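Below you'll find a set of structures to go through.
Below are two complexes that have subunit A in common, paired first with subunit B and then with subunit C.
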Partner chain A sequence: MALAAAGLLLFLLPLAGLIARAPWNQVGTELVATETATALGLSLFCSLTATAVALVLGIPLALVLSRTTGTLRGVLRALTTLPMVLPPVVGGVALLLAFGRSGLIGSPLHQLFGLQIPFTTTAAVIAETFVAMPFLVIAVEGGLRSLDSRYEESARALGANSWKVFARVTLPLLRPAIFSGAVLCWARALGEFGATITFAGNLPGRTQTIPLAVYVALETRPDGAIVLSLILLAVSLAILIGLRDRWLGAP
Partner chain B sequence: MIRRVLALGAFVFVTSCGGSGDGPAPASLTVFAAASLQPAFEKIGKDLQSKDSLHVTYNYAGTQTLTSQLTQGAQGDVFASADTAHMTTVVEAGLIEGTPKVFAHNRLEIAVAKGNPKGIHSLADLARSGLVVVLADPSVPAGKYAQQALAKAGVSVRPASLELQVTAVLTKVSLGEADAGIVYVSDVRTSGKVDGVAIPDPYNVVADYPIAILKHAQDSNAAFAFEALVLSPTGQSILVAEGFEGA
Partner chain C sequence: MSLHAVIEVNRSGFSLDIDLTVEAGETVAVLGPNGAGKTTLLRALAGLVPIAGRVELDGDVLDDSAVGRHVPTEERRVGIVFQDHVLFPHMTVLENVAFGLKRDRSRVARGWLDRSGLGDKAGVMPGELSGGQAQRVALLRTLVTEPRLLLLDEPLAALDVSVRAEVRRELSRQLAGFTGIRILVTHDPLEAIALADRLVVLEQGKVVQTGLPSEVTARPRSRFVADLAGVNLLRGTGKDDHIELDGGEVLAAPESGEGDVFAVIHPRAVALYLARPEGTPRNVWRARAEDLDLRGERLSLCRARGAVCLVRAARHPRHARRHRAPHRPGRLARGETPAAK
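Take a look at the complex of A and B:
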């Protein structure tokens, strides 16, 4: 009990600190400031896009992971969780070395098509997906492993092809796992800082998401930074609560 | 059990925050230094370690980051800033012992890829379309100086990114992701991976680097020794070798 309370306090105290120090009279001006709206809009766009990409790529990856065994599984799993342990800044450098203008893939892309990924909104989305997708994959894989395979077998026995089994049986059963994975993934993407600043840079309206805007503001106008953080907090809470009802219905 | 876990937690907390004070460890010193000072200060620290067996720990970051860390109560012994404005903020917060002393100057230079493949020869060239130019954010001293230089030259640049420390600008150029960036002469000198394009004096900006002892220094003798070495002929010649101008 005491330890649980200590754990909770660790979360609550910084939040209390933010709220206690918040310049409430400035919330209004900060809310309508164009920089805030720009950064918030960009943050929502990037984090939601990253979550969508993670859903499209991550669910199949989780399927593969859940169906492999032995050494291959260990290797795949380690690769998938790599971005979770890699310091995000190092992740950003790795992304530069892969997708940058002189990177492994980036160099031919640049030479053939004149494409440059770093310093674009696309780069911010890639950085967020890279860092956040493991959370989705792990959650969905966990869901798949605890799935009762008899439902799928019955469907197969009744003549459904494998796509139909996946779409009509597996996916609906997986909904809670996908939902919680997507929420974790989105939350991680929303707060992403290190990989974004390193790979995508920092430019208002293009790559400056809220965490970056907060970092810049912290040094020039700390009050603004606190208000920005609270806005981010409020928006994420609102979305989380709103989504919960819509996706899960009554628990 | 719970008590033991709590005690362990407290122990980890204290040891990770304390640093000095655990047994007869050699004297140690924490220096908050502007990111651009890293190459020079590493050498100065080595010198101090070999002579006085004083161990120096550095916190390198953009001066603006260091300033907010210090005003929020971060513990350090020495602060070396890349401009006087942020030093003044720390002085006004009542955190400085004595008066800051300017120990070095730096100038701006345009960093470009080795061999200057894009043929960049002046600040005006940075406004060319299709060029990826990266600057430091105006909240960073190097970014503020870069803005001043561009304004003096009457050039308006559309940067691809506003980096949070000058060393990040250098990284983007040295990795080939940016065609050009405005950094310090000392950055180009020590990087070895980029070429520098000089900015003529009328447009250039001279950065003053002040150093000061922090009031809550854990070991003010060590802090004074570090400051004295930076200001001494030895320290000055290291700084000059790394591309700074002496005080």
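Take a look at the complex of A and C:
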């Protein structure tokens, strides 16, 4: 009991500290402060773009995953879930080595097109997608595996080609899984820190998202850091409440 | 139009090896215990499982493993109806029925729904339908595409007994108006005999018997068929409190309804007497025991005069032997008569 209480306190105390120290009368002014507003806007842009990219790339990936078997499936699964367990900083370093100016892909990109990815907003989006997409892939793949294959078989027997089956039957039936996967993916992208700061840097207005702004502001403007933290906390709570039936409802 | 199929499917621990020919306009019931390979056969015909062998429908070769030919399901014009309707849950009934149509979709689908008395359900989502309605919609959804081959996978099995008769009637009517080939898979002999022109009995992936329902039930060649032969299924016309059988006999059966009906008489409900019995039996027929055939330990086959043929269960071989009084007219009495419409 005592240990359980200690465990619970470990979760509760920091939250209490954050709320107790919150400069409630300054929330309004902090929110409109240029740095805060910029970080907030950038965070929303990057996380939403990352979610969109994850949807476009992640759903087909989940389809392939759900339809492969054997060794190949194991390898693909390990690859897609790796970013979930990999320390984000390592992910950032890896991204830098791939897309950096002398990197595997970054080097030809730079030489041929003069493109430079690291330390740009694009880099922040790539970093967030890298870290967050597995959440979407796993959720959609789970949805696909629990899908009764006879829906698709019925559609085919009714003369629907692969594309029509996918667009009119598979995708609509997957909507709940896609939705919860996208929300989790977005939440993870919004809070991304390690890979972003390593790969995209900490440039206000270009790559400085809320988590990075919190980290910096804690030294110079603690009140601003607390307000930004509260925003992230509110978002997390909202997601938890919104998805409670799906994630917390089952006993 | 006809179907010729030589199908071999081998999976771990299971193999299907079948040679089936079905002529135009015929309804074939594939009957067999669970795990006999009935569903696999349907899925193979629909092109949903890879096979070794050859499937030819209406002159088109749909499968020929010898030359590596396989026509995908969506190009076969083969309709399949599953045990539980499998209607698309995110579409209305109308959208479900219109799914397989190419042009004038909404109008054609509505016409089919109206003709089946389901017109008022057009805008309803499948989740709001009863089991029987959902299965009728599923049947329509397949029929509107005018398949050349209609595959029915235990279409009534998932339904409540109370609505099964209603859906069976609808199914029977729809099948009569359908010009393609019909293959019905079932483990329910009643369903098979009621709907099919010909039975194919499948056990452990092989055909053990095929023929007219009456032939198969009269000369069962396996335990499974012997069990199903125990069903006395009489066809006739319901007249509210009695049924006029097609052979001219009259069967007293309260609440038998009006119109085309099947009467099911359980073999255990049939008793034999040498003299006219005293007491309660509602239906007493004078009959001649023509055939005393012990299958396993429980069946004896008796033939009443007229067209009625009843099967009676003998609880024990010795018990059955007592009735061995060949060619002496006896009386056949029946108790309860569950009537199936």
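Methods note: the second predicted complex is superposed on the first by the 218 of 251 C-alpha atoms of A that agree within 3 Å, B and C clash if a C-alpha of one lies under 4 Å from a C-alpha of the other, contacts with A are read in each partner's own complex, and residues count from 1 in each chain.
Just so it is clear, a residue touches a chain if its C-beta (ideal position, glycine included) is under 8 Å from a C-beta of that chain, and two chains touch if they have at least 3 such contacts.
Just so you know, these numbers come straight off a predicted model, no measurement behind them.
Asker: Pick one for A:N202: touches subunit B only (first), subunit C only (second), both, or neither.
Answerer: It touches subunit B, and subunit C stays clear.
Asker: Would you sort A:L112 into first (subunit B), second (subunit C), both or neither based on which partner it touches?
Answerer: Touch status of A:L112: no partner.
Asker: Quick check for you: in the superposed arrangement, does A:V56 touch first (subunit B), second (subunit C), both or neither?
Answerer: neither
Asker: As a test of reading the superposition: which chain, subunit B or subunit C, is in touch with more residues of subunit A?
Answerer: After superposing on chain A, more of subunit A is contacted by B.
Asker: May I ask you to decide whether A:P222 touches subunit B, subunit C, both, or neither, giving the answer as first, second, both or neither?
Answerer: After superposing on A, A:P222 lies in contact with subunit B but is clear of subunit C.
Asker: Using the touch definition from the top, say if A:Y151 reaches subunit B (first), subunit C (second), both or neither.
Answerer: second
Asker: Counting only touches as set out at the top, which of subunit B and subunit C does A:P172 meet: first, second, both, neither?
Answerer: second
Asker: Could you tell me if A:A20 is touching subunit B, subunit C, both of them or neither one (first, second, both, neither)?
Answerer: It touches nothing on subunit B or subunit C.
Asker: Going by the contact rule set out at the top, does A:A2 touch subunit B (first), subunit C (second), both, or neither?
Answerer: first
Asker: Share the list of subunit A residues that count as touching for subunit B in one structure and for subunit C in the other.
Answerer: After superposing on chain A, no subunit A residue contacts both subunit B and subunit C.
Asker: In the complex formed with subunit B, which residues of subunit A make contact?
Answerer: Touch list, subunit A to subunit B: 2-3, 6, 96-97, 100-102, 116, 118-119, 197-198, 200-203, 207, 215-216, 218-220, 222.
Asker: Spell out the residues on subunit C that touch subunit A in their complex, using ranges where they run on.
Answerer: My answer: residues 46, 48, 72-80, 82, 86, 88-90, 99-100, 102, 141-142, 145, 147.
Asker: Which of the residues in subunit A end up touching subunit C in this complex?
Answerer: Going through subunit A, the ones touching subunit C are 148, 150-151, 153-161, 168-169, 172-173, 175.
Asker: Mind listing the subunit B positions that touch subunit A in their complex?
Answerer: Its residues touching subunit A are 2, 5-6, 62, 64-65, 67-68, 132, 134, 137, 139, 159-164, 168, 172, 175-178.
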